Every structure is written in structure tokens, then in C-alpha cells.
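Both complexes below contain chain A, partnered by chain B and then by chain C.
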Partner chain A sequence: MTTLEKYNAIFCNVLQLNEADLSNAVFKQTPLWNSIGHMSLLSALEDEFDILLEPMDMMALQSYQQGKVILSKYGIIIA
Partner chain B sequence: MAFAFLNNVAIRGISACVPRHIEENASLPIFSPDEIERVIAQTGIERKHTVEQGTTVVDLCAHAFEQLLHELQWDRMSIDALILVSSAGDYITPPSSNVLHGILNLPETCLCFDIRQGCPGWIIGLEVAGSLVTTHNFRRVILLCGDSATLMKSPLDKESRPLFGDAGTATALEYDTEASPIELEHGSRGKEYHTIFAKAGGLRYPTTPSDLEFRTDDDNMTYRAIDSHMKGMDVFSFALATAPKSVQSLMNQFHIGMDTIDYFIFHQANQYLNEKIRKKLKIDSSKVPYSLRNFGNTGSATIPLTIVSQCRERYSTDTINTIACAFGVGLAWGSAHFITHHIVCPEVIFYDSL
Partner chain C sequence: MFNLEQYGQQIAFISDRGDQISYHDLQQIANQIGDLSLRHGLLFCLSQNTLTSVVGYVAALQNHLPVVLLDASQERTILLYLIDTYHPEYLWLPDTVASLDDYSAIFRFGDYTLLQKNTISHSFESINPQLAVCLTTSGTTGSPKLVRLSQQNLLANAQSIVEYLHLDATERPLLTLPMYYSYGMSIINSHLLVGATILLSCQTIHQPSFWSFLQNQKATSFAGVPFTYETLLKYRFFRMSLPHLKTLTQAGGKLNADIVRQFGEYAQDNDKRFIVMYGQTEASPRMAYLPYSMTIQKPSSIGIPIPGGTLEIQDESGHTIHDILKDGELIYKGDNVCLGYAQTRLDLAKGDDNHGVLHTGDIAHKDADGYFYITGRLKRFVKVWGNRCNLDTLEQQIKTITPHCACVGRDDLIVVFLTETSLQSQVLDHLSRLTHLHPSAFHVQIIREIPYLMSGKVDYSSLYKYIS
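What follows is the complex of A and B.
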């Protein structure tokens, strides 16, 4: 699996979204993306990419698109 | 940072009481099966003991008090002060501690007062109760901490409903010149008071009929104006920023070595957050007990409830070096370092509704 496929699978699984809807996924605006959904996302991303997100990055990850930028800080290029 | 130390104050015992009624998170109607599976995995909370209408923290704390007094074999006439820490009282007035004073048949010489606090409450209560004892003006003080928080939350709030349970606890303090000092650190962020907030029902916004109607806000959360509602990620951010720093500051200030501590008892917020705090402080998991799975977040009761439900045998039989840390409503936080010697620590008891 590519990093993009892994990344998409996490968002689809946690937020119960189709791939077509991922680019519009935003914290608090996507139905299952509340604070508990956010923790599920963070946990899944940390496990999948073997990283520990810094608190500032945990808060900054507010959308599907922003997540890619944040992961790049940890050397994970989503492609 | 506000630091304090209290000499001559011994913790003699801790007890806890929860309602017998259990709410299983897996059965909550507001979640789909897939969704609740993830909620349980992240929060670590499978079930909570919850009060039924008509039961309050006064009932739970009264039972915890009676059990503790019995196990300590203390004469109730020897109690010099009773402090109740809770988010809400049975009545607007009088304070619930005075109601409890009557229920518990305490002497007229007993000082009673409430501290209105939630999750950080046990640390704040320990500071206040210990301050009464340290001067020897009050020889025996009982600190009651707990909440019937589920009565204050929206049953439709997906961020609160799976997290919160109800409990009442009692902690007995006694003047003792041989006692190791209790060392504490406290802090507050009042500008963020609205992060955990029940808007209606106080004097600023007296309850109106519309406050009893459920509304869904911009964040897709459904609750009434009378319900206590939290901005989950703001609380998460606050806790990550303050709790590790508080513990580290306490250890630095009082020259406490990490290796000397037997248990770090954290306020039980949720598993994911608490594990972040533990890992940030680089604490071995064997030193950090959890009571979340069966009790959830019980507000100011979580620290004593975790001691009683998870570590009672060791606290009963050994000398235990503890750091406790709590954070939440206010926003406020605090940490405490204390050493206990063979304290009275009976099993959790259950309250049956009448």
C-alpha cells in the first residue's frame, strides 16, 4: 500500500467516509469528527506511521488536507 | 506556579461509593456499533456506574463517609471539619456539606463547607483540608469528593455521555507530627472558563423554559443550556499543556525523584489523553493505574476512586509514595505528593437507590 492509500484508509475507516468525500473532511464539520473521533484519527495515524505527534500538531490537524502537511514534518510524505 | 507544603497532616484512609446501576457504553443508543467500538478503544471506558433520578453525590458521599468512619473506628464526635467538593449541590442553598452534617449526625462543633469544583477538586480539597489540619486547629477532617455528573450532562452529547460516571469518596486527614509533608502545586486559567460550561441555571442566566430544550450547535453537539458541555479538543489541549508541566514542576520544586514514586495517580479523563501525559513524563506504565474501564470519569472522585479500586491492597499494607495530578473545569489543575502508611482503604461499595 502507498502512504496515500494508508492515509485514506484511516480517514475512511474512522470517519466512515467514502474516498470521494475525503478532501472535504474537516474537524467538527464532518459528522463523526468530534473530539473523540479526533483522538481515534490521531491514534490510528500514530500507529500506522509509527510516529508520536506533538501536542501542537495534534491540535493543528483540523482537516484531511492539513493532515498531509503535518505528517510531512515527521518525514511521512503522503503520495 | 503556586506551590505549597503541609506539615503534620496524615492521610489515614480513603473510601469510595458508586451507584450499583451500570450504563454500558456498548449499549448507548446514540452510537452505531462501529462508532462505539472506536469510542471505547480511545477512551478506555467500557461502562460507568450512574445514579438514577433522585440520587445525588450527597447520598454517595454519605455512604463513603460511613464506611470510612467504621473502618477507621473513629468516633463521629471527633470530626472537626467536613468538606464537600462537588460541581453542584442538592440545593441552591444551603451548602450540601451542611445537609450531610445533619444526615451524618456530626457534632455541632464541626465546621462544614462546600468547595464547588469538578475534576481538579481532590487536589484543591486536599490543600484546603490539609491547611486546616496543619495548624492543629482541626485535628480530624473528612474530605468528601464526588459528583453525580451524569445528571448535569446531555444524554445526547456524544462527547460527554460515554465518558462520565458518578461516584462519591471520602478521605480522612488527621494531625500527626510524624507525618511526611504533603507537597502541592496549583494553577488556574480563568479566561478559559467557558471550555467546560453549563450556561443556564445560575444567577447570571437563570433558567428559562427554552433552556430545557435540546439544541444542536455548530459543532454537531446536542445539549440543553442547563447541561454541562465541554469543548473536547480545548480540554485535551489544556490537559496536555498543563498536567505534565505541573507534575514536573512539583518534582523539581520539592526535589522528588521519579524513581522514588510508587504510583502516579492521574485524574481519569480518557485513556488516550492520559497515556499521552504518561508518555510525555516518561513514566513506566506499571506506576500509572487506571479505573476508567469500569467507572469512567467521575470528576473530583477519580483519584481516590482509582486508589481504592485499583491499588487498595498495597495502600492498606505498605508505605506508598504517591504523586497525584488532576485537571479540568475552571480551567484549573493541581498536583500533590504525599506518603501514606498502611491506610484504611476498604473495597468500593455500591449504593442501591431507594
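What follows is the complex of A and C.
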């Protein structure tokens, strides 16, 4: 599995989305991306990529696209 | 209800949109709405944590207009259903909610409009003049059941909260809990009583702008449900520098004792107070609090009754249990116990059904020092991330898909028993959509058949054995 496939699978699974809808996924706007969904997403990303996110990065991760930028700071290139 | 003028130019509310209003101006707006000479009818306040929303709520209280607090972002079908059930004469709603047939605008403040029903029916029995606020019992299932609270209920509870939290005009609470939620509403009421400045936020703790608002406005207190505190640990809250923040309160369900102790120790080491509280919407809502000096010593306790209230444990026949550590139903008595429930418009005429006594439905005991501990529930509801979910309601919903189902649960976990594996995802999908809860709140367990008692009722106690 590529990192992109893993990344997409997490978003699809936690937020119950189809791949086609991922690029528009945004915190508080996507139905299941609420507080609970946010914490589930962060845990799943940390587990999958074996990283520990800094609090500011956890909060900055407000969209599917931003997540890729944030993970790159931890050496995880989503591609 | 409140003597707002006594605080004059002191600021009552500041919102994270940047607007603010003084106590004097707040009363002026209330007076303007009073000047419309509204008849004694029902107001739906479609709430957001904004200044314009809260002004409508306060104006309703000041003008003795009974108000139902609802979530402005809830689905329109639910709103229409509630309108059909309660026939409100008035609505206070933001521009984000589309207007309604049969209603016309009669007053405007910022992005909020006061709507009046065009044809007012006079066939309704008059509403009980004591009725001040109605709150929903379940924010998640769209049930039309409301808790009826009187002005005396609200004032009694606000006064108790002022006493045990030692609130005064220097307080600056940050309100991020929804104002239509009893915990959020009680923060507004108790702080308006003392002339404090309430900071309104539509943001969540997951957004950097929330934290900058908290710091820039020098918030002195913050309130959260168990999930909030679990999340704060993840955000390494203990490493943040928040010198103005002095008080953290927690209610809305049981927070894990280990986390309570961690926050208790953090508070002790940083000259702050961490206060665990217990309540139900039916008690306006506060009933007990754990004095912060006892947090570390008794982290699993809900504490002692609030000033003006009493708690006792009763056995099944209604006799008081005096023995320590012996379980029974927790009974609360106080002036903050609601008048009762409403299911229809006609119920709003009802008087006081409870006479100051609330059967909480919680199983509890007390220790030798008089501190209370919740150990279980009598009633069929659980709290999931602070949202009260009625297991019977959920079960009825699943029955639209299959008759072979049963729900049991504890806080933060609902277990759905099904007999057909193939229905699993359909049921989860349905529940998640209905409750707006993440599917991870629900755990599906497949069993051969749903167990029943001789009486024909589902044998829930045998199902609980599966999940313990």
C-alpha cells in the first residue's frame, strides 16, 4: 500500500466517506468530522504512520489537504 | 428575572466574532422587545454561541416569555416537527436558518430576527405563568420531549452555583458548550447573576482560534464534558501556559477517576481549581459538586449536594438508606427540580409535577464522610460523549430495520445486539445518521437470538453480561 492509499483509507474509514469526497473533507463541515471524529482521525494517523503529533499540528489539521502538509513535517510524504 | 441594570456599563457578553454588549444595553434590548407588547406565548430560540443569539434568550427571560432553547444547526425536519408539536407564537432565529411560512419578522438584532406567527390560535390553554425555559432531554435523537423549568428553578440553581464556585463580577467564563445544553445555560445564568463577563465561543478546543480567544480575553474559567478533558490530555494541556485561567469545571457524565486525579494534581500545583460536578437537565441542572480540595482524595465521587439541596439514597420501596456504601436510587430535593416534562403544547399549561423531588434514575451510595458515588443506572439511558441517549429510542429506530435487536450500554458505549450479520453496516449507518454520533459510539454484537424474560421483555441483564 502506498502512503496515499493508507492516508485515504483512514479518512474514508473514520469519516465514512467515499474517495471521491475526500478532497472536500473539512473539520466541522463534513458530518462525522466533529470533535469525536477529529480525535479518532488523529489517533489513526499516529498509529498508521508511527508518529506523535504536536498539539498545534493536531489542531491545524483541519482538512484532508492540510493533513498531507502536516504529515510532511514528520517526514511522511503522502503520495 | 435578572437585575441587569445594577451592573450598568460592565460588559455582559463578548463573542469570538468580536462584538460585545454591556449589562445596561442588554436590558435596553430586552425593553425594546418588551415594548412590542407580545402576548404570553411560546418562543423558540434557535441558539448559537453568539451575542445575538444569547440576547434573545436573555430578553425572553426578562420579559417572562417562556423560551425553548434549540440547536440552530439541527436538521430542518426536526425543527418543523417541533413547531408542529409546540406551535410557538414566536421564533428567534439567525439568518442561516431559512424563514418559515406563517411567520413574519417583527424585530431584528444583528443577524437574528424575531418572528411572530401570523395567525395566532387562541384555542390553546394558557401556558403556566411560572414556566421560563424548556430544554430538550436528548440533543441527539430529536425527541420532542422537553423539561419544563420555572424562573424559580433557574434562579435557585444559579444562586447555588454562585455560592459553591464563589463567583463574582471579576469572572470571565469561556462558554464553548452549547447554550441550549443545560450545562451551558447554567453558566450563563449563574454569571449574569453576579455581573460577570461571559465569553462566547462557537469554536471547539480543536481549533487554534479557540485558544487565542481564551488567552486574549483572559478567560478565568472553562467548562467541559468528560470527552473534553480526555482530549485536553491529548493536547498536552498541562504544558500550556494559561495564567488567567483559574477554574476548570467538569460535568455531563462520569470522567475516568485517573483523569480526574491528573487534573486535580495539575490544578493543585498550578494554583487552579478543578471541580467535578453532577447534574441532570431536570435539576436546572446542578445537584452536586466535589469541592476541589477533595478532588485528589476522592476522584471517583460526585461530591456533596449543592447549597440549598439535599441528596439521599432510597431502596426499592422508597425508604431512605442510611447505611454507608449501600446502593440505592439517588434522590435529590431542592428548589431547582423542574416542574416536569412536556410532550405536547397542552403540557405547557401543567403545574409542578415534582414538588422539588427528583428521582435521578442513578444508582449511588455514600461514604462515611457523606460523599456520594454513582455506581449505575436504573433508567434506560446512557451518556455518549456528553449526549444523553435513550436506549429504548435507539432500539425503536433499529426496529424499523429488523425486529431482532436490543440495545444496552454504559457511558460512551452503546452495544447493539443483532441476529443477522448482514444488517450490521445498515444499522450502524442508520444510527450514526440519526444521532449525529460517530459510528465508533456503537458496537454491534451478533448473537444467535435475543434473550427474553418470562414477562416477554428483553432480558437486558443477560445482555449486560456480554459487555462487562
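Here is the rule we use: the second predicted complex is superposed on the first by the 79 of 79 C-alpha atoms of A that agree within 3 Å, B and C clash if a C-alpha of one lies under 4 Å from a C-alpha of the other, contacts with A are read in each partner's own complex, and residues count from 1 in each chain.
Operating definition for what follows: a contact is a pair of C-beta atoms (placed from the backbone, for glycine too) under 8 Å apart; a residue touches a chain by one contact, two chains touch by 3 or more.
The shown structure was predicted, so the numbers you read here are calculated from the model rather than taken from an experiment.
K.L.:
Pick one for A:Asn24: touches chain B only (first), chain C only (second), both, or neither.
P.N.:
A:Asn24: touches no partner chain.
K.L.:
Which partner chains sit in contact with A:Leu52 here, chain B, chain C, both or neither? Use first/second/both/neither.
P.N.:
first
K.L.:
Let me test your reading of the model: by the given contact rule, A:Ser35 touches which partner, first (chain B), second (chain C), both or neither?
P.N.:
In the superposed model, A:Ser35 contacts both chain B and chain C.
K.L.:
Applying the document's definition of touch, where does A:Ser72 land relative to chain B and chain C: first, second, both, or neither?
P.N.:
neither
K.L.:
Between chain B (first) and chain C (second), which does A:Ala60 come into contact with in this model arrangement: first, second, both, or neither?
P.N.:
The second partner, chain C, only.
K.L.:
State which residues of chain A lie in both footprints, the one left by chain B and the one left by chain C.
P.N.:
Overlap of chain B and chain C footprints on chain A: residues 14, 16, 27-28, 31-32, 34-40, 42, 55, 58-59.
K.L.:
Along chain C, where are the residues that touch chain A in the complex?
P.N.:
So the residues of chain C in touch with chain A come to 204-208, 211, 227, 230-231, 234-236, 385, 429, 432, 436-441.
K.L.:
For chain A, which residues are in contact with chain C within the complex?
P.N.:
Where chain A meets chain C, its residues are 14, 16, 27-28, 31-32, 34-40, 42, 55-56, 58-60, 62.
K.L.:
For chain A, which residues count as touching chain B in their complex?
P.N.:
Touching chain B from chain A are residues 14, 16, 27-28, 31-32, 34-40, 42-43, 52, 55, 58-59.
K.L.:
State the interface residues of chain B toward chain A in the complex, per the touch definition above.
P.N.:
34-35, 38-39, 41-43, 158-159, 162, 218-221, 231-233, 235-237, 240-241, 270, 272-273, 276, 279
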